[in-house]
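Labels for the chains are A, B, C, D and E, by order of writing; each one numbers its residues from 1.
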Amino acid sequence: MGYFLFFLLAALTVGAVLAMIISKNQAYNALFLILAFACLGGIFALLEAPFIAVVQIIIYAGAIMVLFIFVIMMINVRYGIPAEKKKWTIYLSIVLAVVLIIELILSIKGAFTLPVSTAIIKAGPTDLGRLLFTKYLYPFEITSILIIAALVGAIVLIKKKEKK
Amino acid sequence: MNLPILSLVTFLPLAGAVLLIFVHHERKNLLRVLSLAVAIITFIFSLSLYFNFNDQIPDPQFVEKADWLGYGIKYHIGVDGISLFLILLTTLLMPIIILSSWTYIQKRVKEYLIFMLILETGIIGVFVALNLFLFYVFWEAMLIPMYFLIGVWGGPRKIYATLKFVLFTMLGSLLMLVAIFFLYSMYYKATGVYSLNLFDYYGLILNPNIQIWLFLAFALSFAIKVPLFPFHTWLPDAHVEAPTGGSVILAAVLLKMGTYGFLRFALPLFPDAVMKFLPLLAVLSLIGIIYGGLMALIQKDVKSLVAYSSVSHMGLIMLAVFALNTEAIEGAIYQMLNHGLSTGALFLIVGILYERSHTRMISDFGGVSKQMPVFSAFFLICMLSSVGLPGLNGFIGEILCIFGIFKANKLLAILGISTIILAAGYLLWMFQRVMQGPITNEKILSFKDLNKREIVYLVPIVIMMFWMGIYPKPFLRKMDSSVTQLLNRVNKREIYFTQSRKDKDFLLEIEPITTEEKNEQKEDKAR
Amino acid sequence: MNNFFALSPILVVVLGALLVLLLDVFLKKENKNYLAYISLIFLVICAFVCIRFWNKNYSYFNGNLFLDNLALFFIFILVLATGFVILLSMKYITFQDVNYGEFYALLLLALSGVAIMLSSIDLLIIFLGLEVLSICSYALAGLKRKDEKSSEAAIKYFLLGSFATAFLVYGLALLYGSSHSTSISSIINFFITESELSIMALIGLALVIIGFGFKIAVVPFHMWTPDVYQGAPTPITAFFSVVPKAVGFIVFLRLFVPYWKNALNTQAIFWILWVICVLTMVVGNLVALRQTNLKRILAYSSIAHAGYLLIAVLAQDNSSLVFYLTVYLFMNIGAFAAVIALSRKGKEYLELEDYAGVGFKYPWIGVTFSIFLLSLAGFPPTGGFLAKFYVFSTAVREGLLPLVIIGVLASLISVFYYLRIIVYMYMREPAREIEIAVENPALFLVLFFCLYGVIQLGIYPRNILVLINQAVSSFF
Amino acid sequence: MIPPNYFLILSVILFVLGSVAFFVKKDLITMFMSIEIMLNAANLAFITLARSANSADGQIIVFFIITVAAAEAAVGLAIILLIFRQKKTIKSEDIKLMKG
Amino acid sequence: MTEIFWLIPFIPAASTLILAVFGKNLPKKYVSFQACFAVFASFVIAAISAVGLLQTAHASYPLVKNLFSWIQAGSFQANLSLMFDPLSAVMALVVSGVGFIIHVYSVGYMADDEGYTRYFTYLNLFTFSMLILVMGSNLVLMFVGWEGVGLCSYLLIGFWFEKHSAANAGKKAFIVNRIGDAGFLLGILFIFIHIGSAEFTAINQAISGGALSAGLATLIAILLFVGATGKSAQIPLYVWLPDAMEGPTPVSALIHAATMVTAGVYMVSRMNLLYTLSETAAQVVALVGALTAVYAATMALTQNDIKRVLAYSTISQIGYMFIGCGVGAYAAGMFHLYTHAFFKSLLFLAAGSVMHALSGEIDMKKMGGLRKYLPLTYPTFLIGAIAIAGVPFFSGFFSKDAILTKAFAQGQDSAFYYFIWGLGILGAVLTAFYMFRLIFVTFHGEERIDPEIKKHIHESPKIMTIPLVILAFFSVIAGYIGLPVVLGEKLNFFGKFLEPVIKEVHEVHLSLQTEWTLIAVASVVALLGIFIAYVFYIRSPMIPRNLAARFPTIYKLLFNKYYVDEIYNAVFVNPTVKGSEIIYDNFDLKVIDGAVNGTATATGFTGKILSYFQSGLIKDYALIFLLGVIIFLAYLLF
């Protein structure tokens, strides 16, 4: 069952990403991406990370991608912007992809045979919350600065100029 | 007197330059007078170096040593028989240059004078530095004012010339810097103490195979400066484009830094490599003599003619340096001074002509003697000094060089002696075309003879030419012990290496370092 | 020592940013300069804190925040840099229509990111700090909103920066996967033993290096640099050229010092860095030869300087690296200050042609700019020379002779383009007249400070060397 | 339990597809999306490896990375919008004022 | 009194200095007075010293006055020290004596010249240099004088530098001399290395002590002789002397006839031990001398320039002197030098007087019949011509005879010397011929003077003619202090005087009869030459023209001085200049400088290529980033 689900989700994710690469309409792209992220959320769940799975779906597939879609709608480009059409670019990208995949797989080969512990990780919302406010308090505080920065940055870039 | 006289001589011009900054640039005469005063005071101070110099001591005198940055980087200066006269030459020429630029430079007088004074500090610094770091600092720092002098006040192709000059010089000096680093680390590995003291390095004996590379790096730097054939092409460009003062200082002093470098660094530090490259370097010098002479023969521009003549003359000096005997090296040092005076004077003279005619093409002149008899006399004397006429300074240097070369290798001397024919050829021909013959160019009729200022700055040079030609003893005696010691350094180690084990990387019979210094360095580390 | 005060440098800066944001709402456009003063006050406080905390080794959050001398030294230095940038910006932002209060806030926030990065040895925290810095940087690069170049710079910086971040994150994942921690010390501990996961960790490390390599702009991860430098508002370019680079190198320092010392097989990484170093020096300098835009020249020059700095990393010489960075701060900001000086309302002079005759027309700008350029080129008696001297000499001692030879030859090339600027300033007749706004006391203050720094560091940097030795000998 | 290699290979594939997509795609928004894919791939790797390590830390880190992604998205999209306002295009090829 | 001899050169030196520095402001009269007086003072001191020398014991020769150590470095030591011995005495007397007369003459000759002061400055400087040359106690100092006189020669030849030809001639003289000097210097260096000193006394001691092998001696001797060929205008370096006539005539008389050009002879005599040691070198000297004597004489045959004839004659006569040195008759060589100084300067001065009379005309074709206009110049000129032609009882006869006799005597050892003698005789005929050709064409026959010039013809002022008379007087009697040996050993004062310095070698004695025969032969050839000239130019003036028409090639060859100048130009000068130009354009600028600039261009070009990658497109940047990642990962993995 787990395997089936995994393969289904994995295939869907990869398919969605490929579709995004091929499709030339940004709106579709965003939708494909939402699909991919949702599937990834499923995979996270398979990895016994339910909290992250939910976060993934809510924040990523939900919030962030909605932001994308907003922007796409604001921009409203009438024509699609296709991916690279030049032959050599496509071949090159395929080669690049293959090589990079091989390299990365070779590099993480060592982790394939790691024993999978049978003990269930305590990674429920409570556990994570506790961790977040003890061991990871400092990074958590930093994220606040990060978000302020992002807010200020985004606003200053697109706010309309005040009239004199 | 406990004055730090050497530091004073070195940094007085710099202080003068700082002073000039605060003078308004419109007050040109004040600027000129001030800078002249600074230069003259520097010269007077430098004279005391001469009078207090003890010619029995081979090692540097007037030594000043102070800790600077730690790790062997020290403020360490001194003068010995090799550098003494080069310093005096510099300080003597500087007032002359300033006088010569009195009216020649009309634009941006203030900056010009400031750069000149900075340049003087840089040059003197090179000659007095005994710490390799300090040496390198001055060596490079001196490039900057020179770069501006050519680039700002130069002729039409000044930018090309000045960049070529700087890049060429830096190519050599940067590789030398790497070699200095290498010595630095070698010394550290050998003794566990950081040192950049030249005299410590004299005690360091390196494997000949390593010496080769280090020597090449040093030699390239100095060879470019000299300039040794085939690294000479920056010289004509720089000379032609530079303003008179720049050409004078370039020819008179800057080129000497190359030969000085060979004497001070390349020879005593890497004697075995020297032996290995001796034939090559000697042949290059020889080619330089003949080649420079031939090229000078056919130049159409007076300045570039004098520039190529420098190539030829410096070739002779280099050949003498590589002869490695007392006569030749003393001759070489003497000839360095001579060349400084005579070529410097020739550039001044070309400058005087240029100021009147705004051209340097030989073909634009002719019959100037008629119009400017006094000038003609000075020109003649300077030219003859360059030709090496007995009774003038050039002869003594030349004959000592040739004698020394002859002692070392007869064939080289026989070929090298062609310099006396070639020099006569190109200089006399030039003199004929410029000064003699009928006046063909109407402009010449309006030339005024030398004014008092011009005479004032030419006279000391001419007096020196005669003095050095007739009574060279006060000069030669002061060099003796330093030159002997230099040769001992070169030869002693030669012996050492014939016996030594060749498998070791370096090392050494190091002269013991004082415990004081070791303690100092420990403190450094502790901090 | 666990002490809440360890937070204070970061807090001060963030508070400053918040205060600026708050006041921005109330201040009229003409009075935006007060924001700069406020920022400066906070920076001064921060710097003061750094001085007071010297040698105290405060830490907090179980050591995640650790104010060792190295961190303090660099926080101080980069506070100084930020202060300079703010001074440079005061006139600039009104002239170039970037007059937002957020400008200062973003700078301060970026600085807080910097402080976070500097004071931690946990890669996760460093990463987060880096993101704070980056996000502020993206926004700052695009602040000249009407200028297409500025937004182009922003988008390039942003896209490529995020791209690099993704690699960094993946590398973090691999490192975490092998060592089960993101703390540098545990990661290094992992490298001490050989295991099946070694290769994964190694690749992880490589990806992290690449991620930071992007920030410090080393070849081949440097492509964004010239475009971003050119497009960004000039004070921000000065900021970019100094701050992220310094931080990146300090992270390298924290990462590599124990790595070289402890790891089993350091050769692979060593050679990768070696190649990067050579490429950086050569490409940076060669391409700079072709440039005619001042900001681009300085961009490529900063790439090349990253190469020299990498030599120090490879030579494992911490103090010379730190010293170089210090000098680099002064000379580079100084150079940008001179570039900024040549501007007036609505106009910046950035093409080489504009510089013809500037040296004599504006003597102080000319002289100081020349000195900065000469320092960048490594002429004595400036700090640039001494910095190179230290780096190269230790590198030779460590046996990196080929690298040093390439380094000096590359810097020979660099001499050409630095001098070319001086050529234009002093040796060319002006082709067109330029008009600049001369009353800019803040800018001249920066010029003066940088000049002082460059000269002082070149002639007698003993005191600073002592501080640097204390900084690098005490960390960890 | 599904062994980690499946997840890891998926993560690698996603990461590489993301990076190649960044190279192939021509509109700024989709390029940015590719980066999101890469980040997600990294997240996947984190969680997988954390599971192997038997630790919840990985998940926390992923949480932070998602925050970072959100922050980046905010600023990034703002920048893209800025570009669009100026140039009326989001084709990456049109953005080459500065080069050389 | 003798110890003050060291003052001899320094009086003119002081005068030079004063004239050079203050000359501009001094009145002409004072200038001429001082200049002449300085030389005269030298002469007086020289004379006193010479007398003193006669009273000194031979063993104490030479007298040396060491002023100071001049150059000293390592083993190189040269003192500024003067010596005085019979050889120097003769030279000093000739230089100062003849010099003084010519100074006086110049006062008149140069009276109207703008460069009056300059002229006397140079002339004094010359006297100083020449005296240093002859009195220097070592080779280095001799070289100083050697070059110094070369300089003065240069300055004085180019005295009227506005004329291209004069400037050119001066330069040519200097450079050609320098070629010789280079050889000379090498010779000095060899001596220095192998003997360790350049002091003449030390050299002589060393040579006597056998310090030099014969081969080395030959090498050194020939190198020194190269210098002599330059200074003394011998084959192959004689080319400068004819051109040197561009200078003022008194200069030609002093420098290019009487004194400087004979320096080579002095030098060879000074080094006589060396040349004695090396037979080969001596033969080379003799051969070059003999060939030059004849060769120059042939060129003199066809010249129309009055001064050039004299110039070639000088070359030829110096050849005789070298024959003397080559055959070991150093005293005779010096004797000829001494007599030659009188009659040749007389000839030049007289020629100068002619030119003065004819407003500077120098072409013989435009003279003729001048005898009646120049009542004082003509006889003195004639006396000079007779003396040089070797007519008995005139000075030239005695000295030339002494040389030829010695050459013939040497012939008993080696037939080579008969050949030399034969050339000498041939030269004697030619000498007599061209000298009287000069006399006849100039002073006799029809007048071909430019009518414009004719109006101004006048005899020279007294200040010029009195020197002529004095010189004429000496031209007649000078020979009597060195009468031929046949008349008795004791009568050869000159030889006796020089004996302590010059060791006559190969004392080959001829029978009385042979000697007398030789004297007769010499007298006959001289008269024969005069007779032929008489036939050619007075009796039947058509002959020379016919001869010229019959043998056009030879005539042209002679007239154009064997085209030697042209050949030198084509072989040495032009290839050097043209070759240098080609090297400069193609090698210096293109190869060396090209390499430099090429490196710069290549660097720039690489930068350009690299900057193409910086395309401005994010996509490309990403590609390069990715490639970097791939490569680095690949390196780590594999």
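Heads up, the rule we're going with is that contacts are C-beta pairs under 8 Å (C-beta built on N, C-alpha and C of every residue); 3 or more make two chains touch, one makes a residue touch a chain.
These numbers come from a predicted model, not from an experiment.
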Partner chains that subunit D and subunit E have in common
A, C
Which chain has its C-alpha centre closest to the mean of all protein C-alpha atoms shown?
B
If you take the mean of the Cα atoms for each chain, which one ends up farthest from subunit E?
A
Find the two chains joined by the most C-beta pairs in contact, please.
A-D
Please name the chain that ends up farthest from subunit B once chain centres are defined by their CA atoms averaged.
A
Cα centroid separation, subunit B vs subunit C, in Å, comes to 42
Centroid from C-alpha atoms only, then distance subunit B to subunit D, rounded to Å. What do you get?
64
For subunit C versus subunit E, what separation do you get between their C-alpha means, in angstrom?
78
Between subunit A and subunit B, tell me the centre distance in angstrom, where each centre is the average of that chain's C-alpha atoms.
69
Set of subunit C residues in contact with two or more other chains
124, 128, 131, 135, 138-139, 142, 145, 154-156, 159, 163, 167, 174, 177, 199, 202-203, 226-227, 290
Among subunit D residues, those touching two or more other chains are 15, 18-20, 22-23, 26, 31-32, 45, 48-50, 52, 55, 57, 64, 68, 71-72, 75, 78-80, 82, 95, 97-100
Among subunit E residues, those touching two or more other chains are 611, 614, 616, 618-619, 622-623, 626-627, 629, 633, 636-637
Output every touching chain pair, sorted by label.
A-C, A-D, A-E, B-C, B-E, C-D, C-E, D-E
Subunit E-facing residues of subunit C, complex:
155-156, 159-160, 163-164, 167, 199, 202-203, 206-207, 210, 214, 219-221, 223-224, 226-227, 268-269, 271-272, 283, 286-290, 413
Residues of subunit A defined as touching subunit D within the complex:
2-3, 6, 10, 13-14, 17-18, 20-21, 26, 29-30, 33, 36-37, 40, 43-44, 46-49, 51-52, 55-56, 59-60, 63-64, 67-68, 70-72, 74-75, 77, 81-84, 89-90, 93, 96-97, 100-101, 104-105, 108, 111-119, 121-123, 127-128, 131-132, 135-136, 139-140, 143, 146-147, 149-151, 153-155, 157-158
For the complex, which residues does subunit B have touching subunit C?
68-70, 108, 111, 133, 136-138, 140-141, 143-144, 147-148, 151-152, 154, 158-159, 162-163, 166-167, 170-171, 174-175, 177-178, 181-182, 184-185, 188-189, 527
For the subunit C and subunit B complex, residues of the former touching the latter
360, 374, 379-381, 385-386, 389, 392-393, 395-397, 401, 404-405, 408-409, 411-412, 415-416, 419-420, 422-423, 426-428, 460-462, 465-466, 469
Would you pull the subunit D residues touching subunit E in the complex into a rising list?
19-20, 22-23, 26, 31, 92-93, 95-100
